[in-house]
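Structures given as structure tokens follow.
Both of the next two complexes hold chain A, though its partner changes from chain B to chain C.
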Partner chain A sequence: MPKLRLPKATLALPAWVWLLAFFAAPVGLIIWYSFGYKPSIFGTHANDILSLDRYAEALSPTFFSTFSNTLWVGVVGTLACLIIGMPVAYWMAVKVPTAKRGLLIAAIMIPFWTNFLVRTIGWQIILAPQGWLSQGLQAVGLIDGPLEILYTRTAVLIGVIYNYLPLMILPLFVAFDRVGEPLREASKDLGAGRLQTFLRVTIPLARPGIIAGLLLVYIPLMGDYITATVLGGAKGNMAGQLVAAQFQSAQNWALGSAMAVVLILTILLSAAVLGLIIWLATLPFRSHYRLRLGAEA
Partner chain B sequence: MTDPATGASVTTGSSPDEPTGTVVLESVTKRFGTAVAVDNITLRVEPGEFLSLLGPSGCGKTTTLRMLAGFEQPDEGSIRISGKDVLGIPPYKRNVNTVFQAYALFPHLTIAENVAYGLQQTKVPKAEIRTRVADALDMVRMRTFADRKPQQLSGGQQQRIALARALVNRPSVLLLDEPLGALDRQLREEMQLELKLLQSRVGISFIFVTHDQHEALSMSDRIAIMREGRIEQLADADTIYGAPKNSYVAGFIGQQNFLDATAKDVTSADSAVGPVTTTNVNPAVHGGDRIVAAVRPEFVQLAASADGGKSPGRANVFDGTILSSSHLGETVQFLVDLGNEVSIQARLPTPTAPRLSEGDRATVTFSPDSVQFFPSESTAPQQEPTKE
Partner chain C sequence: MSETATKRIALDRSSRKGAPQGTPPAARAKPRRSLSDRLFAIWGILVLLFLFAPIIVILVYSFNTGRLLIAFDGFGIEPFLTILNKPAIQNAVWVSIRSGVLSALFATAIGTLAGVAMARRPGKWVGWFLVVLVLVTVTPEIVDAVSLLPWVVFLGQDLGLTIFNDGIFRLVVGNSLFSIAVVSYIVRARLVGISESLEEASADLYAPPLRTFWRITLPLAMPAVLAGGLLSFTLSLDNTIISSFVSVSGTTPWPVYVLSAVRSGLRPEIASVSTLMLIVTLLSLVLVAWVLKRSGDSATEIARTMAGG
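This part shows the complex of A and B:
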């Protein structure tokens, strides 16, 4: 009896369809629109004349400062998430008894049950010049006047760290947990102290999780415009807001597409450059412990 | 019940009584919550000695080893390694190394880098690290695998790397936590031989944790039989096998027939199937006590009894019926029903074993010097203890 054998990749068919229809095609359209122009006050885009003019517009001084601002918030925010999230994840994976970990993971996830926008607006109340944080800091004498950080880049930074920190902690936790107690014990047994064990066993083995955490935070953070809209005001603009404004208010899809492409390229390039910098910076450390004996017996 | 096998001095710090490689545990107790894992253990390991901690899972042998490595701290008592009190000293500052049960090789490092790891933690020059790593790999015959990753190696090969990684640091004491447990039987027997040869060559004290009595018997200079956190007996293999201290040790090592009996005096007793005598005097046995008389299956003689008649009254001679016989290769094992719900195992060398099968009548005898009397108490199960 002949058997119908479908290729194994058939299992991934829904994923391929999804990826093509909702990712590849829209990105292709955006790239296509970015070479066009806004034909009239009522049209959103036209592609009968192709040019790079929209890119020149997107990178003009007006918008360029917003892109560099976005890059600053993205890099500083992601690194802050890493620095804050790493000790928490390590503590959860290594020090906390297994039975109590579920509770901690729940505590990290529960804020996600609240709407993203509502959580962000909550920070308006906290950071307001008349808010309790401002009053508290004044009461203990740490600042003289009211706290003036709402609607600044600092407020945006605080907001994105708060919003994206769980996305850093969870992959780091899984990565640290998978290293396992036996390998840390073996390291200590061989004479390595806590720091050496962390640098030479825990970090290298947790590297996939660390990279996942960095990308999981950095990429959505760079495209985020809700946090910047709610907390940034005029001084805390981010590129995501520009793109949204061109599509929604200005109805200039050509310029909005060019900005979106610039943002995508900025994310890809900066991630690659940052990765290269980290790789080069740790090269001496790694090559110091490298040992190849060769095959001679 | 601990063995008073220590004449250790009570001074701390380096002492001529405790040269490098000596390990002394004095009244060491470790509790986890309310459970006592190690209960007042006193033990002395001499330099260059191969000592096994043998017992079923949960007897405290691994906890004892972990206290020596520094992963656990005792609640009471003191531990000295090479004459130095190690209480509170972290694992990375102790001159001991461990071969772990699951090897715990670093998956992101090559074999050579795994072996070099310990040396790289100290100020050993790079050139010396190279030669020492190469030598260590030569020692375990794994030199050609130097640049591979641990995942590319078989279990037995990984086991050798774990051994090389520990020994390359020239520790004064090597701790081995069931290192052969994950290997199949043939490889395990090979590694037992290799390990013993290696130990006598490097002259380092080995403390070996196992639940496998054959492993302990074949390799150890001395064996500590542990039960419920205490050492039941600490002696060499011959003594443990031939003169076990109590019925627990007698039952744990090898196989044992236990006959319930009442002692008449220190050398004779009455069992349900007839009188039993011994030439081994156990001072713990007194006339009138409830005792068990122990005799190993390999010391039981078996002969066909053609007449089927009784041999009444003679000590250590019983008539019975064969319940089963099974061929074990070099030996044949018989189970003989002696009546009164008593049965006895006999194991005879295949060439001289009588051809008896189920239902045949047979006479069972054993000589008084193969019999041991122990006060009645709980005895170890006869089957192999389950793996931890």
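This part shows the complex of A and C:
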């Protein structure tokens, strides 16, 4: 046995080196740049004078309004994904016969495996004022004029909910599936109703999956600027677009870096605050003793 | 006395075993379709329709004979034929496939090694490594993108490492980060669930560590390795944000080409190429699912493996 123990932790060495070289080092570099400044029209960054001025610049009113907009889309979009996705995941894990599950999972995943950008363009076509949806709704009489959703915040919201919904459904499905029939049966045998079983057995046991789903949706959503570029127009600006513009058009890497750092901090901080709110909100539903699944489940 | 006690326990057990067999099967056998079950099914199908809506639209519009993608003019295969006369599109798709395959192979190789190490050599380092992986996963793509751009420029031009000026290599670097994290998670999750006894037996039978790895560990991890590899490939094909920052003119990958078309005007060929790519992706998905099924995983396990749980 001691013979076998020798080289194995070193198997992770290539991954360590690669991630340090192309993740930690570059992120370190932009943190360093964020303390610098843009020296001239042609220069992108300089670091001979260090200051926090770029952060002050980054927190300007325009940037602030874009950030609050991003935060709104992020929070509402994530919660909408949870509300839309949870019944679907529950249905797939609990109600659908096992034999049909594979097909449903594949169906959830197929859109997810089609190009992100192209799917968003599909929404551009659907939501267009002269598109089918608009014409259909007008024909039915639900709206008077052409649909005016495209290039607004609502369009961005629809786009992000669409793009990140599978990332919510899959971890929720895995979590609900893990809870398993026997525990729900036991809960019913012990006299709990359906809702009580759901709130006191299924939800607490599925919590890791719910948290994973929330994070998987919220974090990429906050950094997303593709959806906003395709569906948003001027009114739907997202923070990612501002950061990108500093690097691609304004060529002010110092300011762009500061904005990127602010973006990461905002995401982490808001995720923590959201976590706290959710924790507090679910407190009344929590049982006094802890329910846990075995490690093998 | 003890005999009667055991008898009573035995009786107790048999009666307990017998009890559930009495009533429930009949109740379970008839399919109960309550209102709530139906509502769940309706909601699920509506959401599936929602998920498929833009894809169906793209499929239909890929036969649009009009000049602009968004304005449907007539139905025909012209857009598919136009692809043949557009070397820029062909080149973009080819760049995407090459960089996707390379980064999938690379990420799967080093991600698998890392996953095996985490599952089979647990220790303090695993915690630190997981922190790095989680950071890679939670960092928004835009931040990776804006930080990689100055870094590859610095390495390629200031330090003179010319490989960093190569378009494909830059794309592989950009695609690899997230993929490595995903493959490591999936492989680790798979191996943690399998006891190490086979590997120990192999070592007891005097197999050198390398052979144990090739003949035992890797085959055990194979479904996860395949799922991870396929996921990395599709993630790389999809990678728009990082690619648009690090790509070099001349090696523009497909999503970056589409993104520039969003700004300059979308034409129907874009939908046609997407349709063709969707078919290829679906075929490869079916292939992997089939391989996984043959290796004995149930549908749920496949999903679990692919979702990394």
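Note that the second predicted complex is superposed on the first by the 271 of 297 C-alpha atoms of A that agree within 3 Å, B and C clash if a C-alpha of one lies under 4 Å from a C-alpha of the other, contacts with A are read in each partner's own complex, and residues count from 1 in each chain.
In the analysis below, a residue touches a chain if its C-beta (ideal position, glycine included) is under 8 Å from a C-beta of that chain, and two chains touch if they have at least 3 such contacts.
Here the structure is a predicted model, which is why all the values come from computation and not from measurement.
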Touching partner for A:140 - first (chain B), second (chain C), both, neither: neither
Touching partner for A:205 - first (chain B), second (chain C), both, neither: first
First, second, both or neither for A:195, with chain B first and chain C second: neither
Partner chain in contact with A:183 - chain B first, chain C second, else both or neither: first
Which of chain B and chain C A:264 touches, first, second, both or neither: second
Partner contacting more residues of chain A (chain B vs chain C): C
Touching residues (chain side chain B, partner chain A) in the complex: 69-71, 90-93, 96-98, 100, 102, 104-108, 110, 112-113, 116-118, 120-122, 129-130, 133-134, 137, 143-144, 146-147, 165-166, 169
Parts of chain A lying in touch with chain B, wherever the complex brings them together: 182-183, 185-193, 196, 200-201, 204-205, 289-295, 297
Chain A contact footprint on chain C (complex, rising order): 36-37, 40-41, 43-44, 47-48, 50-55, 57-58, 61, 69-71, 110-111, 113-114, 116-118, 120-121, 123, 125, 129, 132-133, 135-151, 154, 173, 176-177, 180, 184, 193, 199-200, 203, 209, 212, 234, 237-238, 240-241, 245, 254-255, 258-259, 262, 266, 270-271, 274, 277-278, 281-282, 285, 289, 298-300, 302-304, 306-307, 309
For the chain A and chain C complex, residues of the former touching the latter: 1, 3-12, 14-16, 18-20, 22-27, 29-30, 33, 44-45, 84-85, 87-88, 90-92, 95-96, 98-99, 101-111, 113-126, 128, 130-131, 162, 165-166, 170-171, 173-175, 177-178, 194, 209, 215, 219-220, 222-226, 229-230, 240, 243-244, 247-248, 253, 256-257, 260, 263-264, 267-268, 296
